[in-house]
Amino acid sequence: MNKKIPNFIFTNQFGLLCLVLIFIVIFSTVTDGFTSRFNIFALSRVIAIDIMIGLAMMVVILTGGLNLALGAIGVCAAMFGGWCMEVLEIPIIPSILLMLGMGSFLGWINGFITVKTGVHSFIVTLATMSIYFGFMTMLTEAEAFRRLPELFTDFGSAKLFNKYISPLLLVSVATCFVLFYVFRFTDIGRKLIAAGANPEAAELSGISVNRMFIYCHVLSGFLGALAAILLTTRIGAAIPSMAGQLGMDWLLPAFLAPVIGGTLLSGGKLSVFGTMLGAVLVTLLTNGLYLLDVGEFWIRFFLGIILLMAVLLDRTREYFTLRKVIVS
Amino acid sequence: MATLFKKDWFGLLIVVVVSGLAIAAVKPAFLSSFNLYVLMVSTSYMLIIALAQMIIIAIGQMNLSVGAIGGLVAISFSGLMEVHQISVPVAVLISLVIGMTCGFLNGYITAKSGISAFIITLATLYIFKGINLGITEAEPFYNIPETVKNFGNAKLGNTPIPFLIVIPIIITFLMWVFMNRTETGRHMLAYGNSVQSAELIGISSSKVVITAHVISGFLAATAGILVVCRLQLGTPNIGDSWLLPSFAAPVIGGAILAGGKVDVIATALGVLIVVIISQALVIFKIDPFFVQIFLGVMILLAVLVNRYREYKQEALRKIFNSE
Amino acid sequence: MNEFCLEIRSANKSFPGVKALDQASFRLRKGSIHALLGENGAGKSTLIKIITGVHKQDSGKLFINGKEETLNNPNDATKFGISVVHQERNLIRRFSVGENLMLNNLPKTPLGLIDYDEITIKSKKWLEMMDLDIDPKTVVSELTVAKMQLCEIAKALSLKAKILLLDEPTSSLSPQESENLFTLLKKIVRDEGVSIVFVSHKLEEVFNICDDVTVLRDGENACTSEDIKNLDRQKLVRLMIGRDEQIVKSARKIKNAKDTILALRNVKTELGHRNIDLELNRSEIIGLYGLVGAGRTELMKCLIGQDKITDGDVIVNGKKVTINSPKTALEKFKIGYISEDRKKEGLILIHNVLDNTSITVWSQIRKAFGFVSDGMIANKVDSYIRQLEVKTPSNYQLISNLSGGNQQKISVAKWLAAGTDILIIDEPTVGIDIKTKAYLHELIIKLADNGTSIILISSDMPEMISLADKILVMKDFQMSGIVENDHDYDAVSSKIMEFIHT
Amino acid sequence: MKSLFSIVASAAVVLSGGAFAGSSDTKVALVPGGPHPYFAAWEKAGQDAVKDFGLGKADYKVPAEWDLSQQNELIESLVGKGYNAVLVFPGDAVGTNKILGELDDAGIPTAALAGCVEQPTKAKMCFGTDTGHSAYLGTKQLIDAMGGKGKIAHFTGFLVDPNTTLRIKAVEKAVEESGGDVEIIQVIADIDAYEPADEKINAFMAAQGAEVDGIVTTAWVPAVVAAQALTNMGDKRIKMVGIDHDEVVLEAIKAGFVHGTMLQNPYGQGYIGSYAMDKIRGGCTFKANAPWKSTAQTDQFIDSGTVFVDVTDVDNYVDAMRGISLEILKTFEGDFLDC
């Protein structure tokens, strides 16, 4: 009794996995260069960063909220790290810790304001996005930090596994496993999910919901900073425009991956590996669309259609199957 | 008088008047006729953009694609006239229909699928913007007919009032009537207040949601056309920068994102405040690096003030109830 | 004469996991007041929702004025003059009273705009008819709960309903207000030819005003459109619960009568409670009785730290303490709260049985690095799930797929697992089938016998009298009296009603 | 359906492209920073280069957004597809270097086009406009037009673009050189979107219009909006020097509301850039003593020509630019390359 029913086939992740495989087959037969070493390496790097950005948004979506300031937090962390390494000449490891600390701190501010005022995180992070980004440009005068330690930047161009895979991907996949462990096998992870699913019930069951929500925002800031670190090693410099104006360029991958991956926008249900597969799928498709020459101007259009199809399909699938696994 | 204080817009009106007077006291040029003209021009399309978002907030949803619809309409409008030589009124008509179709798609998919409008409009944002870029390949349309250009520049007689603001004022008035004096408008607010109650009363949710999105699309389209009139060119970037102000004005105007509480007049005053502030930042030569921070702090302050007022009212109600 | 304005023949309706209606029939005579009775979960609400077009029956026929009709939505029902006052508040809180009254049929000016003056005039008429002294321009959120309830009735009347459904209309009214309402109901039946379906738990009211009775039990008809003259109270109760009204004469003896585990002294709360005194002994069950809106649930939420206690002392195990969150209440003082609103506050519907049952114990059973596996959880809570005989295909079934009774068992099980000393149980048997209800009653007594102290909130008088050792009556956020319970139903219930109605 | 259509269409393009392939196997990708009308001339330039120099391909490929990551992603996919030379408008003067380095490692020559990347870099050259210098020259022109004295305002683009800082500094430098008679009364930045630009520039005109004597703009959108504003106001007193060749700006020059504009040479950039890439792939190297120019960012800079155009030559600016392009091409191999 009480054995877990192996209904993996009905899960969102299985569908995603199939889609990913189908597209890999299509692109490798139809396009030239999809399976080239260079392309796979490049893909692995893009996927790594998109996974991280997706995870960072996922943990806030878990609370039923949003983090529009994610990109701004990422850039702030990157610029702070650049300053530490270049101006203060702090060694790499402490600098990375400081960056993660900075990201977590900015996430904490988001969480604190959201929890204490009860204002929806959409508005709070809309405002802090402006504020963080404004402070960053003001303090740095939009000057990039480019003389970063070589060891740090080399990491972004290192190639593993017969030069097919970037170590960045390993970092992201490792992060996925850690998060999976946290959400599936620790009390704190379970509490985070419960708080997101039904704050009232969780609160009355002795979970400090406010604290859990703040943790989620801190975690989001932490992962955002981690994404920024990956991006910095890949770009080789900390630059203010790395996430676009106000950091908004991160928002699309940030929402695409978790939403396609089956994370519930109303909170309380997430899928770490779904998010990972979502990021893989989106990156794969972008890359494939470029290779197919559909016209670069139409890429956005297709991404929009894909997002729409993904959520509608998921809705249909949900309609026909019962969901049984909360974390997967 | 006491009832006046209760209104959302009353406090905002004071803010507008006081800040206007304060700026004018330091910089008399603020009240110059040209500055008033500029102020009203900026207000004109911002007003429509804010209303396009407000009506979606009224039903407790969000429309991220307001700017994308505006942009798509802007290039359709100018493209129809430049490439297809369609006369201005017909082009306006077609453009409005395009905007309403976009809105209809948003509303239809949201209502029928039950998926959050946030995600649906995020997707359609990319779809509309993609179509925009696919059509234009990032090249603006320049050949705007003189009539359109003149419309964008004309003033009402000798006054500093731009012609451009006439339509937004009419629309604002109509929106006020719609939200306050028509059955459909009231049903939208009722729906925003409580979806469940509204359904039990017999209000059709899909009708409410679709209507709201169609109106939002219509307003976004109008804003797109106005911006083309103003800029005198149809560039694909139109609409890219609308997202932040579209939320800022209704929120400053006391709108609650959960739905059911919006105020047309307060939203209009919210627009005025945003416009006055961005003007003040230019007039007082505020460090450009500082502008972003200022806008963020403004939004935060506005919601905190609203939150506090509501908290007070709730506290009052509790005491009243228990006595 | 015996013309039926509304008739339902053999209606069936199922929801996932529950058969709500099983061949239920119902006939409403024109110009009568018809009591629709049954215990919670017997299918009354479902039947009402079918009559009002919210749900559609799976099978069975519906006749209005002798003609078969289909109701696809509430609007259809309104068109046939059917209108309802639900248990849930269905007023738009930010709208004015007048607008709420008229929302389905807003008066318009010749231009097609809403005529607010007309709204005020028209709604005033209905408010006056209800003897309600409310300015129609008042915003609903500023009203008291009782006035909101009356407004809902006024609203239904304003719809010129020919068939009016009242679902527990008096649950939050004072006796005076109830009397007024009954007078009014009789008047509209007489003058306007309205037929009324009346749902209530208070049998006195049924005998007071109703002509016919239909009783549902487990979704089936226990009786269909009986003339009330053929019934007496005992018969009615037997129809409702399938046996004679039994008052459990609990043989419980409180072992340590003076062993006070929890006491409130002159407590004041931010929600408006004043002068609250309460004493709970080990192994004791005390009941909190009162009308809806008396502040019972609110008091308990203040006690567990959800809302603030602003003055007075909370004493746990002889020590003065401050409880600032449910977390503290659970972890430091072992106080648990089983919510009345299972779906909103009790359970996480999108999560499975295992996660819901174990939510209170994760912190207890975690190992290094917070490790908690499904296996560890199952170890801890499986016995409770089995002990409570929860019917679920597996521990991984989603809670939303369980029946109401099994859901309630889960929300009890999680507190059993947590091992609480003080358990606050709020309306434990609302919407629960009779068998589970009996089981839960036994369980509560067993818990108390085994040393748990229990505060029971219930609006179900028989339940209260059969379970509680003493009953505290609350009114208007204050304690209005204490009744030592000797389990003599008539005596105790009349004492309780006295405290409520003074 | 649409995608299918596009795939078929693009397949057709690829096939026909193959038929036209010239003697060289060089496949150049011309990648701008994002969708922008400035770069439109690159498309024609690439096509002409294929025709004139017999390249395998020289295609104009636009990232979907102005976003460094998108650009990188596009470039990577292009390389995956077989392009073996990349001309790029750097999404970021610093940030683009990393990918250029990686392309170089993969044996793919690259060059920065239209704007430069900062040294050290693996880009073979920067062929384009010295953004700082252009701003400097434009300001000089403006000061001349103002008769050597007066108050000027500077409108420019995104603050996060390092070029913006260069431009602000260049304008300051030109003003300083005027010896105190010219003063910058305001810098308005971050106006790369039309609506805020319209709002802020007009607010400025309203507040300071009477005081200001000259306006220099160093980004596309501000130039368009400021030209429009002056045209609408009918103000010919305020002198303005714009940037680039947007029709609005050109019209305003013809009508006399704008003094002139600093033109860049996108066509020449694409045309000669493609040519140079082919040469380098063919084994040529840059001469040690090539007549490089130096800029704030790099000392391997080749000027693609910055021309100040005013009302006298605005009508035939296209010919002027073509002339410059041919001029550069004539001496390019001899001056710069060792083949």
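Chains here go by letter, A, B, C and D, matching the order in which they are written, and residues are numbered from 1 within each.
Following the convention adopted for this analysis, a contact is a pair of C-beta atoms (placed from the backbone, for glycine too) under 8 Å apart; a residue touches a chain by one contact, two chains touch by 3 or more.
Owing to the predicted nature of the structure, the values given are computational and were not obtained by experimental measurement.
**Student:** From subunit B, what is the lowest number of touch steps before subunit D is reached?
**Tutor:** Between subunit B and subunit D, the shortest chain-hopping route counts 1.
**Student:** Keeping to the contact definition above, tell me which chains border both subunit A and subunit C.
**Tutor:** For subunit A paired with subunit C, the chains in contact with each are B, in label order.
**Student:** Centre-to-centre on C-alpha atoms, which chain is most distant from subunit A?
**Tutor:** The most remote chain is C.
**Student:** Is the C-beta contact count larger for B-C or for A-D?
**Tutor:** If we tally the contacting C-beta pairs, A-D comes out ahead.
**Student:** Roughly how many whole angstrom separate the Cα centroids of subunit C and subunit D?
**Tutor:** Those two chain centres are 72 Å apart.
**Student:** So how far apart, in whole Å, are subunit B and subunit C when each is placed at the average of its C-alpha atoms?
**Tutor:** 44
**Student:** Would you kindly tell me how far, in whole Å, the mean C-alpha position of subunit B lies from that of subunit A?
**Tutor:** 31
**Student:** Multi-chain contacts in subunit B: which residues touch at least two other chains?
**Tutor:** Answer for subunit B, listing residues that touch two or more other chains: 130, 133, 137-138, 289, 291-292.
**Student:** Could you list the positions in subunit C whose residues touch two or more of the other chains?
**Tutor:** Within subunit C, no residue touches at least two other chains.
**Student:** Mark out which residues of subunit A touch at least two other chains, giving numbers and ranges.
**Tutor:** 137, 141, 295, 297-300, 302
**Student:** Among the chains present, which pairs are found to touch?
**Tutor:** A-B, A-C, A-D, B-C, B-D
**Student:** Given the complex with subunit C, which residues does subunit B contribute to the contact?
**Tutor:** For subunit B paired with subunit C, touching residues are 177, 180-183, 186-187, 189-190, 193-194, 196-202, 204, 260-261, 317-323.
**Student:** Within the complex, which stretch of subunit A touches subunit C?
**Tutor:** Per the touch definition, subunit A meets subunit C at residues 1-5, 185-191, 193-194, 197-198, 200-208, 264, 268-269, 322-326.
**Student:** Once bound in the complex, which stretches of subunit B touch subunit D?
**Tutor:** Of all residues in subunit B, those touching subunit D are 27, 29-30, 32, 34-35, 37-39, 41-42, 45, 130, 133, 137-140, 142, 153, 227, 230-233, 235-238, 240-242, 275, 278-279, 282-283, 285, 288-289, 291-292.
**Student:** Can you list the subunit C residues touching subunit A in their complex?
**Tutor:** 304, 306, 325-327, 329-331, 336-337, 339, 344-352, 354-355, 359-360, 362-363, 365-366, 369-374, 378, 382, 394-398, 401, 414, 418
**Student:** What part of subunit A is in contact with subunit D in the complex they form?
**Tutor:** By the definition above, subunit A touches subunit D via 30-34, 36, 38-39, 42-43, 46, 49, 137, 141-144, 146, 153, 156-157, 231, 234-237, 239-242, 244-245, 249, 283, 286-287, 289-300, 302.
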